[in-house]
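Input: structures, listed below.
Two complexes, one shared chain (subunit A), two partners (subunit B, subunit C).
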Partner chain A sequence: MIRLILIRLLTFVPTVIVASMVLFVAVNVVPGSASKAALGIYATPQAVKRFEHQHGLDRPLVIQYVEWAGKAVRGNFGMSFQNAVAVGPEVKKRLPVTLQLAGMAFLVAVGLAISLGALAGFYHQRLPDVCITSIATLFGSVPNFWLATLLIYLFSLHLGWLPTGGYVPYSEDLVANLRGMILPSIALGVVSSGLLIRIMRTSLIEVMSAHFIETAQSKGISNFNLVIRHALRNALIPFLTVSAVEFGFLVGGVVILEDVFRIPGIGSLVLVGIINRDYPVLLAAAMVITMIVLVTNLLVDLLATMIDPRQVRARN
Partner chain B sequence: MGRINWRKYGLLIFSLPVVVLLFCASAFSSFLAPYDPYYLDVMYMLEGPSSGHLFGTDELGRDVLSRTIYASQISIVVGLIAVAIGMTGGTVIGITAAYFGGLIDNLLMRLMDILFSFPAILLAVILMASLGTSILNAMLAIGIIFIPGFARLTRAVTQTVQRQQYLEAAICIGVSGPRLIWREILPNVFGPVVVEAAVAFSYAVLLESALSFLGLGAQPPEPSWGNMINTGRGFIEQAPWISLAPGMALFLCVFSFNILGDGLRDLLDPKLNK
Partner chain C sequence: MVYRIVSDPTALSNGMKSGEIHFSNEVPPKDWEAIVSKEGMVNAALEGSRYFWLIPNWETPPLDNVKVRQAIAIALNRAAIVKGAFYGQATPLLGGVIPKWNWGYADIEFFKPQGDIEAAKKLLAEASIEPGTEITLNMVSSWPPMMSMAPIIQANLSQIGFKATIETMEVPRYWDEVWGPSNFDITVMYWLSPLADPDDFVTNTYFSTSGVNVHKSVSKEKDDLLLAAKSAVTIEERKDLYRQQQALSLETMDVVPLVNAWVLAAHTGRLKNFTPMRTGFLKTLKDAWLE
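And now, the complex of A and B:
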């Protein structure tokens, strides 16, 4: 098992390096676009040259990457093109906001998935199963930005229960903070729950056909205890790995929903970077989101290895 | 008349009418739409649904229904081309990886793994920012995102085929190279790829409208479900119908293509045919 964990940890480093290269290339895919974007299309050639020299953009891409990566490792993401402010502290300030939103949305998704998925799996091929499976497909097909718009219309404008957007730090006012996070985390979580409900259902159906379930049933255990104490625990292990992948998808959705709800997190920083044509900001925000995804995948893989080494060995 | 096998065809029966309707809406927009989608009627700005304008009018007096119908063109075209890019790229990479094996396989698939771990919308947004906002670039960006999924799938199927005896037989009689791939491997890859393509299509439509919603895809005044929902967001209190019609259309489109994918899977899954 220790060998498996070590291998997984060792492959993490090249993964991060290649991922950062892909991002760097994606942002700089059109040569000279950074300066043109920052200065506008009417910039004189001299101005472009000066700008590129000032920011080191006239050097080969490889050297630019190495320099950027070397600094990024130490949390230094360079200076913003727009206002010459260091990007690193801005990212650090926004990170907890995004983590809170993604975490709460993930709780919504996992909560829905475990309860509804287990219910559907238990009533396999009966009415509750058919209903829940349809609902899961429905949830998975709703565009999250449209759901957010509908939720704002219903709960904020029509009923007036919750704010339409904005963000209050939890250190300032915990209740206001949570109230503001309810709608975005529902909009984000419900969409992700679509796939997770199905996974939970399949996984529970598989476990329910195992011999130890029959043994438990023959002891005369109640259905509730059977699912909660015996079946669910075993069904959760495969569910865990898929939910980590889904978490990555969910973190991507932050880019849209932070914009809809005017939440100052990393996701809206990506859009700020794009709208202002501020490539250091864009690159830093994108890298941080990617790191959140990669680290979650790593942690879940390690956790899964510790819970059940057989599975990981079988997969490799 | 025999009974319909609902377990086998049920999902297809539900989804196909909507899919056909969507393709008709985009192919015959000019016949189906009651108004010109760009016609500004300042006398009827932000009018609610009525017999004249079934889904009301937007902030410039344009007919929401007509714009919703015309917007299906962008969604369908972007979906088709993006899926074609992803499918071609992914199939080539997947078969190459499985056919050559060894180091090439390892390198290609590790790269696919890493591309796969990026949140799709993040990658799409970044590519749009660096390539420039246009519908053509949206197709390209979304297509690139689909490559790893198709590559993994075709690689897995190819590896299964490679273990079959008929492939051994084909190799024995001297079939090799392109002919082996074309005649023996590709036909087997076809089924699973079609299922994946239906689901990818729904996802492409979703991504395109997300990009347009953020202002990175189709540019106004060109109607797209995404930018219509975004416009409607600003007038949600006075005129909720502006974002309702395109939202419903988008949701129905994504939903029916998801079901179509499930239905095709049921149809092609030999376990259910018994």
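And now, the complex of A and C:
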């Protein structure tokens, strides 16, 4: 087990380095230069040259990367091209907001997936299964920003129950904070639940055909206890791995939704970074999202190994 | 007071409709009616200093021909642009680009609000332009009014015989690939005058060596008028010089004036004594208070 953890941790470092390289190159080769985006209508050739020299953009990409990576590991992500604000503190300030949104959306997605997926799996090829599978397909195919717009229209503008957006820190007012996060969490979580419901269903169907389930049934256990105490626990192992990957998608998926709901998180920072070709902002925000995804995957991999020791034996 | 930048226009409108946002001086035109009709909302709309102009590339045939540029300019239905792209919240520019509220206004009626298709066709015939001549209209996808006016301009161009194609792209790519290298047939841009002096409306757009002169027009006569207007002593003298410059620019049709957008400010009744500025700036907030 310890050996496995060490191997995982050792592969984590090169993964982060490769991811940072890919990100850096991708941001720099995307069409539309940072200098012209910042200077806009005033982007004369002289002004562009001056801007690029001032921000070191006229140097070879390798040198730019090495310098950026060297500073980034010490938490210095540079200054924004657009407003000369230090990017690191800005990302740090916004990170908890995004994590809260992604976390709440994850709870919505997992809650829906476990309840509906288990129900569909238990009633395999019967009416509830057909209905839930159709609902899962619908959830998975709806764009989250479209669902967000519908939710805002219904619950905010029409019924007036919840705010259309904005963010109140939980340290200031917990109730207002949660009220503001309900609609974005639902919009994000419902769409993610589409895949998770299907994974849960398939996993439970597989478990339900196992011998130990037959044994439990022959003992006269109730259906509720059978699913909760025996089937669901086993079905959760593959579900856990996929849901962790989905959490990564949720963190990345906040980009548009934070803009729609006026939430000052990492996602809206990414969007501004893309629109303005603000490389330091874009790189820092994207790198933080990448790190969250990688760390989550690492943790879940280790957790799954702990829950199911057969994985360790299989690897050995 | 909490001041936030809301980049999504619909999110801003939703916040104002639901009463979560109390003030904005950039209300999206599409939602203006819905927002100001809300009970307790005070509207403060006025013609601003943000004008839009169409830019024909002087180095790209057939736009190097003044008759073609004039034909396009007079064919445009500015009233339709005001209605379709600004939901009525703009003023058509029928002559020069200096707006009516400014002391440098030239009072020249060069265009008809609905356009003049027949006159435009006549000019194109004089320029020997064949019907079906292809032309490309480059627009910025992330600026809603420009995207809305693109099909109107395309339809007007089609009415006078051009086969116009709309090409869109996001802002950074536009600066890089279209604006910077002057790589376009026709494009559209806007200028927000921060000073509201007549010079600020015209020099950037019309002066030959200006960085904004991506259409590549050169005129010593016009440059001299602009320089003279800068240093003239009396308002009357300056006004006359700007009038001459604008009249000359309409003859050569360097760029095509389109519309002047309004500053759409709205706020709840709690904000007192706020007077919007034509530039859209928020300096006057210092004189306002919340009740």
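The rule is simple: the second predicted complex is superposed on the first by the 302 of 316 C-alpha atoms of A that agree within 3 Å, B and C clash if a C-alpha of one lies under 4 Å from a C-alpha of the other, contacts with A are read in each partner's own complex, and residues count from 1 in each chain.
In the analysis below, a contact is a pair of C-beta atoms (placed from the backbone, for glycine too) under 8 Å apart; a residue touches a chain by one contact, two chains touch by 3 or more.
As the structure is a computational prediction, the values presented were derived from the model and not from experiment.
Once the two complexes are overlaid on the shared chain, A:Thr137 sits against subunit B while remaining clear of subunit C.
Set against each other, subunit B and subunit C differ in how many residues of subunit A they touch, and the higher count belongs to B. Of the two partner chains placed by the overlay, only subunit B lies in contact with A:Thr15; subunit C stays clear of it. With both structures placed on the common chain, the touch criterion links A:Ala26 to subunit B but leaves subunit C unconnected. After overlaying the two complexes on the shared chain, residue contacts for A:Gly252 are found with subunit B alone; subunit C is out of touch. Contacts of A:Thr44 after superposition on the shared chain: subunit C is touched, whereas subunit B is not. In the superposition on chain A, A:Gly160 makes contact with subunit C only, while subunit B stays out of contact range. Looking at the shared chain after the overlay, A:Ala286 reaches subunit B, while subunit C stays out of its contact range.
When both complexes are overlaid on chain A, the residue A:Phe224 reaches neither subunit B nor subunit C. Comparing the two interfaces of subunit A, the one with subunit B and the one with subunit C have residues 33, 149, 152, 157, 259-260, 271, 277 in common.
Listing the residues of subunit B that touch subunit A in their complex gives 110-111, 113-115, 117-123, 125-132, 202, 206, 209-210, 213-214, 216, 226, 229-230, 232-233, 236-237, 240, 243, 247, 250-251, 254-255, 258-259, 262.
Interface of subunit C with subunit A (complex): residues 4, 6-8, 10-11, 14-15, 17-18, 20, 142, 170-177, 179-180, 189, 191, 211-212. Remark: subunit A residues 31-34, 36-37, 39-44, 47-48, 149, 152, 156-157, 160, 163-166, 259-262, 264, 268, 271-272, 275-277 touch subunit C in the complex. Only residues 15, 18-19, 22-23, 26-30, 33, 137-138, 140-143, 145-146, 149-150, 152-153, 157, 248-249, 251-253, 255-256, 259-260, 270-271, 273-274, 277, 282, 286, 289-290, 293-294, 297 of subunit A touch subunit B when the two sit together in their complex.
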